[in-house]
Every structure is written in C-alpha cells, then in structure tokens.
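In the two complexes that follow, chain A is the common piece, with chain B as its partner first and chain C second.
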Partner chain A sequence: MNASMKLLLVLLISLEVSFTHSLSANLLLISASLIYLLIHRTSLKAIMFLALVPFLPALGLFVTIYYFSPGQDLHFAWVLFTRMYVYVTVGASFTLTSTPLELALSLEQNWHLPSKFAYGTLAAFNMLPKIKSAIVTIRTAGLMRGVVLSWWSPQLYFKAILVALNWSENLAQAMISHGFVEDQPRTFYRQIKVTGLDYGFLLGILVMIQLPIWLLP
Partner chain B sequence: MQSLNVNNLTFEYKEHSSIFQNVNIAFPLHRFNLLVGPSGSGKSTLLKIIAGLYPQFGGQLITGDVTITDVNLTTKKHQVAMLFQNPNQQFTMNTPRNELIFVLENLQVDPTQMDAKIDAALAFVDCAELANRNFNTLSGGEKQKVALAVIVAMDSPVILLDEPFASVDPTAREYLLTKLTKLRDEHHKTIILAEHDLHGYQSIADQVFQINPGANNIVPLEQTARENLFNQFKSTSSTATISLPADIDEPVISLINVELKQQDKPLLKQAEFSFFKDKITLITGENGIGKSTLFNAIIKLMPYQGQITLNDRDIKSIKQKKLARQVGLVFQDAEDQFLSITVTEEIELSKKHRITNYFTDQLIAESLANLNLAKHLDQVVYSLSDGQKKKLQILLMLISGQPILLLDEPLKGLDISSLATVLALIKKSSQKQHQSIIMISHQLTKLAGWVDYHVSFEHQRLTYQEVL
Partner chain C sequence: MNQRAHWHVRDIILLALIGILFGAIFLGTNFIYDGLTVVLTPIGLAPMANDLSMGIWIMAGPLAGFMLRIPGAGFLGEFLAAIGEMFFGGQWGASTMISGAVQGIAIELGFTLTGYRFYNWLTLVLSTTTSTILTFGWDMFRNGYAAFSPQMLILLLVVRFISIFFFGGVLVKLITNLLERSHVLNR
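Up next is the complex of A and B:
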C-alpha cells in the first residue's frame, strides 16, 4: 500500500479509537495488526519489544480506572489497557513496514510536499546514527581535556547543537552542489502513485472497523 | 583560448578585511588547473564562490562575478560540480545508488536513462560494489570515490575539487587522479583542484595558480616558479630507511590476540604487537583498512576481542575517565576536539586540566605565533580555516599532555610550511613531556626525518617496516 495512504489510515484509526470504547474492536485491531506485521516478516523479537514497551503505561491506566475511579468500571479499564496496544501495534504496522524514503517520495509526489522538506528531512534522518556517535565523541573529547560531561551537562548539548547546525549547513551546500534547486521541477525515478486500490483499502478498512466499534461492546 | 573568468572579485567575511581584493583570474577551459596557497588563504572560499555557494552560505560579495566564455554563471544552472574536503557531509541519501538517483532527478534526467548513467558513473570509478551499501559503513576514501562518481554522473563542464584526497590513501589517490585526467582528456572537463600536498601533480597540472595572501591576489605560476614549487614535494618519491624497534625498547601499548571487526568485516587479527615508549610511530595503510578503528579500540570506543594492555595493564580494567588521562586522541576531524567557542577559551580549557606544566604561557604564545594563530585568538574556532583548526587542535592536545598521544591524520589540510612547524612542535613536546606518539598519516611528504618507527597496516596485520 502507498506509504502516505497507510500513514493516513493509521492516523484515522488511532483518532477514532481515542473517542470510542469497544473492547472487541480494540482486540480485533491488535490481532489484525499483528497478522499484518507477521505477513511482512517482522521479527518475533521486534514484536516482543512492541508488547513490552506500552505495558507499564497500559497497566497504569488499567489500575487507575479499575481501582481508583469512582465507578471501578472493569470494561472501561480493559478498553484503556488495550487502547495503548492499539496505538502501538497499528503504528508499528506503518513504521515497521515502510521506509522513510518511501514516505518522503510519496509525500513529495502524491501530496506535493515541497521537495526541500522531503529531502531535507530525509538527509537529517540518514544522519541519526551519526548524532549518536557524535555525542559519544563529544564526551570523549571532554574526558581527554579533563572535563567530565554528564548526560545532563549543558555544555554537551551546546556542542551537540553546534555540530548539528554545522552539519545542516554542509548538507544544504552539498544538496545544492548535487544539482538540487529549490522549487525547480524534478524527474522521478521511482514513480509513486496512489491507485484506486489504495483508496479502496483506506475506505474499505475504515468502513469495516465501524461495525465492531459501534456494535460490539 | 576560452576560459572560466573570475572578474574584479572583492570578497570579505568580516567588514573591511577582504580576503580577495579586485582579483581577476582566467582558468583555461578543458584543462587541469591546480590552485595552491597556504592554509587559510582562501582556496575553499574561491571554489565556493565559483560554485555559487558563497555568498549564499557566508561572506559578502562586494564586487565581481564569474563567467564562462562571457556567460554569467549565476544565470546558467548545473555548470559546476563540486567535491568537498569533508567526505562525511556531502550526501543527502542513504546509499550511493539513491544519491545518484537523487542527483539525476535534480538534473531532470529521463528516468529510463538513469540506470545506465548510474552504472556507468559507478563503473568509471570502479565502485559498483558499493552501490547499495549504507554511507555510514563506507570509509572516507570510499565516500570520496562515490562523490567523484556523482560528479561523473552530473556531467557538468566544470569540476571543482577542494582538497579531495585529504583522507584518501596513496593508491586510491593515484587512481582518482588518473580518473580526473581521463575526465579532462576524454570528456573535455575543466578541472580546478585546490591542494596542499602537490606530489603527483607535476605531470598532470596544465596550469598552477597561487594565492598570495599578503598581496591579496592570485597569479598563474611561470615555469621556474612552478618547478621550484613541485621540487619541494620531490623527496617522497625516494624511499627513506627507518630503523626497526630495538630490544631495549619498552612496550607501552600491546595487543595480544586482538581481533577487530566492523559490521562483520574483519579488520585486524594480531597475535602479538607492541607500540614503544617515548617513540614516534607512524602507521600507514590503505583507506578503510581499520587504522582509525584501531585507535578507537585503544581508547575503548570500539569493541574488540582479545586483550589490549597499557603498561601491562588490561585497558578493560581501566575506567574510561582514567584512561582518557593516559591516552589522548587527536581526532581526524578537528572540530570534534573543540569544546569551547574562541581560540583563547580553548587554550584556557586545555591549561586548566593539563597533566604536565611543560607548556608555559610564554611557550603557548610562541607556539601560537609559529602556527600563525596569534592573530586569531578571539576568533570563534569553527570559523577558522581547516588548516588553522588542525593546528589549533594539535596544540590543544599537546598542552593537555597525556603520556600517550594518538594522532589520526594530524597533517591533513596543512600547507608545507605549517607541516614542518607542526612536526617540530610534536617532536619537541613529546621529548620534553616523555610522550609516546602513534600517528596515522596518508601524507608522507617530509615525514621520514620526524618519525622513529614505521608500521604498515595491511592484510589485517600490523608490521614494523624498514622503509618509508
């Protein structure tokens, strides 16, 4: 499915789930997302991680509603508990099956996002692993001059921001010298299209989940 | 003859202190033009002005323009391609293939022709196998090869290169130079290349332009001046003899059954090896062979198998904080070393926690003057030229005074007169402070007289060599 359509679907589902309280619909969405992830050969390790991360906040919600709210509504406690998992699994169905490149290309070609944003963000995304190693480098540089930069030291982040500013300027120069001109038309090697099938999936899935959301408890 | 003209150029970074004043130059088209001059003289600035990056990204253009056969370059897009000094920040995408696609899309090339152009460009620099590797896993030299492939794909008539070989080993450098000559001879490109290390250019360069910082002008060199210039770099063509470690040498850092890997690619497998105390040891080896990675392992920034010892103590048992006071690393990228804002503040920071008191205020002042940094004390370190940054960085780490100092490409981007000053400073400081120095360098000009031992890193092994 087209990446930006998939993102739209995920956002719409998450939004609707925020305003409803059907436990069965939540469970259905979680199972459907898990099946979708398994079809896309997501590793079991990643899925276990998905199960673990929202556990504490979900438990917190459950306990608050069930033990400390005036009504002690068990059904609503479960709704909130599963809602956390809906967000995570539905979100993962997008993030674990699409690349930033696919999304950027789709936003650029299908929704006319200025290419400056599309490629600027992409370049920044490709820099992420380097930011992590840059922080380690800064701390090492500090130690070698006898300065201990702790994780909360403003000097560490001041330097990190300087590094990032410098990178962004170099990247901008590099993009221009690689032929990029703002607002100039570009050709597309990978033609990304929004097909009728994409619209079909978007509407079909949205309609399908209305039934359990509104009819089942 | 047709030429690329820089007309009446006056350019300044700070008001009333112009870096160029009414400069006129004519670079002949379809020729290999070499641009030389001391560090900080404005080589990068000139190239970026021609590329149209300045004044957009810095400085002020007071007067002047750049024309090719009377056509103003600002009105004609995609005439100039540029390859930068720093291989790390010149790509937008994650892999060479995606970058090439991005570039061709920018040039509005028909998508059906792209695959052929991409394959041809990668084949031209022999790096088809890198096409789908992530840039974060490529070495500096590999990235520069890809950057050249991008330029080949862009097919612009003018190619600018700003010290493109600063982090490239001699084999790759020679290879890339033959490719550049091929671009000139068979594809009729105009090449303007700024460089410090001039060996290997004598037979290639058609014209040499020298920037004279005092006179604020740029002049083409006459035959004799040109020969004198190249002769300074002659010495490296003959090999110098270097002694092997003696039995009395005391090991300071030892590797025992050490295995180093990067993304499952084995880099080093060494049963036994030692670096020796109070010596200056030079490590040479090709790009991406693992020299910097070895340094990172020694300061515990990189996992390894086996044992690395410092004065017979396993470094794994030494806390990072303590280790950093024993072993200092001069990073390949000078900016990585800086923690403050101005030159003076950086010097003060180094003085505050220094380990020895060898560098008195007077000696620091002298060293700054020798390194031509005395006039830049209040300047923001990031606004120094690359050569100036490098010199400051080395001084800062020498003041720090760790007993062991690892230098990763300390001579990168230095002009030939700074080179001798820096080497003399390192040598003297290491003798007075009893420092053991291990340095990586691709730049070998005039180095033989300064180092005690030479280690070559090849076939995943370190071995002492008798020649350099």
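Up next is the complex of A and C:
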C-alpha cells in the first residue's frame, strides 16, 4: 500500500478509537495489526517489544479508572487498557513496514508537499545515528572537565543546538551543491503512485471497522 | 524583532534536527515516565505521570518558535519531533503524531496571540496556557480523563501547567538566553 495512504488510514483509525468505547473493536484492531505485521515478516522480538512498551501506562490507566475513579467502570477500564495497545500495534503496522524515505517521496509526489520540506526533514532524519553519538560526546566532554550535564541542564541543550546549527548549515550546503534548488519543479526517478487499490483499501477498511465500533460493546 | 516569513531548507533541517536531538536526550529519560507510573499507580494517580512529563514532551515547540521566529515554527518544531519519535522507537505509535499535531497547534496558538511581534516571558506564559488547555482537552478523550473526579482533574491540570511552564517556559528561556549571548542566531 502507498505509504502516505497507509499513514492516513492509521491516523484515522487512531483518531476514531480515541473517541469511541468499543472493547471488541479494539481487540479486533489489535489482532488484525498483529496478523498484518506477521505477514510482513516482522521479527517476533519486535512484536514482543510492542507488547511490553505500553504495558505500564496501560496498567496505570486501568487501575486508576477501575479502583480510583467515581464510576469504577470495568468496561471503560478495559477499553482504555486495550486502546493503548491499539495505538501501538496499529502504529507499528505503519512504522515497521514503511521507511521515512517512502513516506517523504509519497508526500512530495502525491500530496504536493514542497520538496524542501520532504528532503530537508529526510536529510535530518538520516543523521539519527550521528545525533545519538553527538549527545554522548557532549556529555563525555563535560565529564572530562568535571561537569555533569543532566537532561534538565540548559547547557546540554545549548550545546546540542550548536551542533544542530552547524549540521543544518552543512547539510543545506551539501544539498545545494548537489543541484537542489528550493521551490523549483523537479522530475522523479522513482515514481510513486496512488492507485485505485489504495483508495479501495482505505475506504474498505474504514467502513469495515465502523460495524464493530458502533454495534459491539 | 524583524521576522522572515519564508522557509529555507536550512531552517527546515534545523527544526527537524532539533526535534530529533531532543528525542535522543529524552530517550534516556523514558524511564522517568515509567518509573513515575509505577510509583503513582498504587495511590491512584497514575495519569499524573502523563501530566508531569508533558512539559518535557512539548519543549521542542516553544524552543523552535523562539529560535526561528517564523510563523509556524512552533507547530513544525513540535510536529517534526513527534514524527521523528514515531519512526525511531516511539512509545505511542501513530497516536504520537496526533498528539504532536495537537501540541504543535496549542503551542503555535500562544505565539499567534502575540501576533508574532514580541518574544518574552508573556509569550511563554501564553504558549504555556494554550498548550495546557488544549492538550488537557485532548486527554479528556484519549486517556479517559473525563471519567475522573473534579478534584483529580484540577490537580492534574495544575500539575500539567507547572510542568509545561518549567520545561517549555523556564528551561526554554534559559536555553535561548545562552543562544542570544553567544550570537549564533543570525536573525
């Protein structure tokens, strides 16, 4: 499925479950996402991680609603518990099966996102491994002078922003020297299309989930 | 302050980098949220972990607004940070993006109220207020806050305001002061 269409579907589903209270629809969405992930050969380790990540916040909400809220509504407590898992599993069926590159290309070609936004953010996202090591370097450099830079220290952010300013200048220069010109029409080597099948999936799945959401508890 | 109404690719890269940088710093602080949840659950205040850490999550927005001073910078800084978080091991999957959009609009609204003319404490108080109210409204649905008692809601609202004011206000102001003094921002 086209990356931006898949993202739209995932966002619409997440938005709708935020406002509705159907436990069975939540369970259905979780199982459907897990099946989708298994079809796409997601490793079991990644799926186990998905099960672990929302557990504490989901449990916290459950306990608060069931034991400490005035209504003590068990059904609503379960709805909120499963809702956290819907967010994570449905979201993962997008993030674990699409790359930022596919999304950026699709947003640029299918939804007319200006190319400076598509490639600018992509350039930044591709720096992620270097960003992590930059933070480690800043902290270590501080420690060598006997300065502990904790996560609430303005100096840590200040130094990180200096790195970002430097890199953004370099990356922009690199893009320009490779022939990137802002606000100019571009041709595409890799063509991304939105097909009728994409629209079919989007509308079909949205219509299908309305039944359990509105009819089942 | 003069302001530029135009986005350059350099600004866009900078915003995205700041979003990811902040994400990388917070990656090591995720245990704070989880730890708070563990401590607060037995006394029935588990949602307060959310309100306490809200300020940390929205920091990228006000900072971007203060640094670039272009209309839309507050929104874009926050939203790009959320997309970055979603792709790189985000805890909340797709709803990160929705929350990011809500938080971004909320922060931007604070800057819009000043007409993008001045950038001082009042701006930070305004953006703190708008982000507290809007994100709280979103949590009424998303995290089921509507089911809580009124006393609990007031407590959570106050905690959220303090958290956003500290991280998205005081800390952002301290960081921008350092940036101003070093003259690295060519505006």
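The working rule: the second predicted complex is superposed on the first by the 205 of 217 C-alpha atoms of A that agree within 3 Å, B and C clash if a C-alpha of one lies under 4 Å from a C-alpha of the other, contacts with A are read in each partner's own complex, and residues count from 1 in each chain.
Methods note: a residue touches a chain if its C-beta (ideal position, glycine included) is under 8 Å from a C-beta of that chain, and two chains touch if they have at least 3 such contacts.
Note that the structure is a prediction, hence the values are computed from the model and not measured.
S.K.: If you stack the two complexes on chain A, which partner ends up touching A:Val163: first (chain B), second (chain C), both, or neither?
M.R.: Touch partners of A:Val163: chain B and chain C.
S.K.: After lining up the shared chain so the two structures overlap, which partner does A:Gly179 touch, if you call chain B first and chain C second: first, second, both or neither?
M.R.: first
S.K.: Which one hits more chain A residues, chain B or chain C?
M.R.: Looking at chain A, the partner in contact with more of its residues is C.
S.K.: Once the structures are superposed on A, label A:Gln155 by its partner contacts, choosing first (chain B), second (chain C), both or neither.
M.R.: In the superposition, A:Gln155 touches chain B and chain C alike.
S.K.: Looking at the overlay, does A:Leu101 come into contact with chain B only (first), chain C only (second), both, or neither?
M.R.: A:Leu101 contacts chain B only, not chain C.
S.K.: Which holds for A:Asn126: it touches chain B only (first), chain C only (second), both, or neither?
M.R.: A:Asn126 sits against chain B, while chain C stays out of touch.
S.K.: What is the contact status of A:Arg145 with respect to chain B (first) and chain C (second): first, second, both, or neither?
M.R.: A:Arg145: touches chain B, not chain C.
S.K.: Report for A:Thr137: first if it touches chain B alone, second if chain C alone, otherwise both or neither.
M.R.: Only chain B is touched by A:Thr137; chain C is not.
S.K.: So in the superposed three-chain picture, is A:Gln191 touching just chain B, just chain C, both, or none of them (first/second/both/neither)?
M.R.: A:Gln191 sits against chain B, while chain C stays out of touch.
S.K.: A:Leu202 in the overlay: touching chain B, chain C, both, or neither? Say first, second, both or neither.
M.R.: neither
S.K.: Share the list of chain A residues that count as touching for chain B in one structure and for chain C in the other.
M.R.: On chain A, the residues that contact chain B in one structure and chain C in the other are 119, 123, 134, 155, 162-163, 167, 169, 171-172, 175-176, 180.
S.K.: In their shared complex, at which residues does chain C touch chain A?
M.R.: 7-14, 16-22, 24-29, 33-34, 37-38, 40-42, 44-47, 49-50, 63, 67, 80, 83-84, 86-88, 90-98, 141-144, 147-149, 152, 167, 171, 174-175, 177-179, 182, 184
S.K.: List the residues on chain A that touch chain B in their complex, please.
M.R.: Residue list for chain A touching chain B: 101, 119, 122-123, 126, 129-130, 134, 136-138, 140-148, 155, 159, 162-163, 166-167, 169-181, 184-191.
S.K.: Which positions of chain A touch chain C when the two form their complex?
M.R.: 7, 10-11, 13-15, 18-19, 53-54, 56-57, 59-61, 63-65, 67-71, 73, 76, 79-80, 87-92, 94-95, 100, 116-117, 119-121, 123-125, 127-128, 131-132, 134-135, 151-152, 154-158, 160-165, 167-169, 171-172, 175-176, 180, 182
S.K.: What residues of chain B sit close enough to touch chain A in their complex?
M.R.: Touching chain A: residues 48, 51-53, 56-57, 77-78, 80-82, 84, 86, 88-94, 98-99, 101-111, 114, 135-136, 150, 154, 299, 301, 320-321, 324-325, 328-329, 331, 335-339, 349-350, 352-354, 382, 396-397, 400, 402 of chain B.
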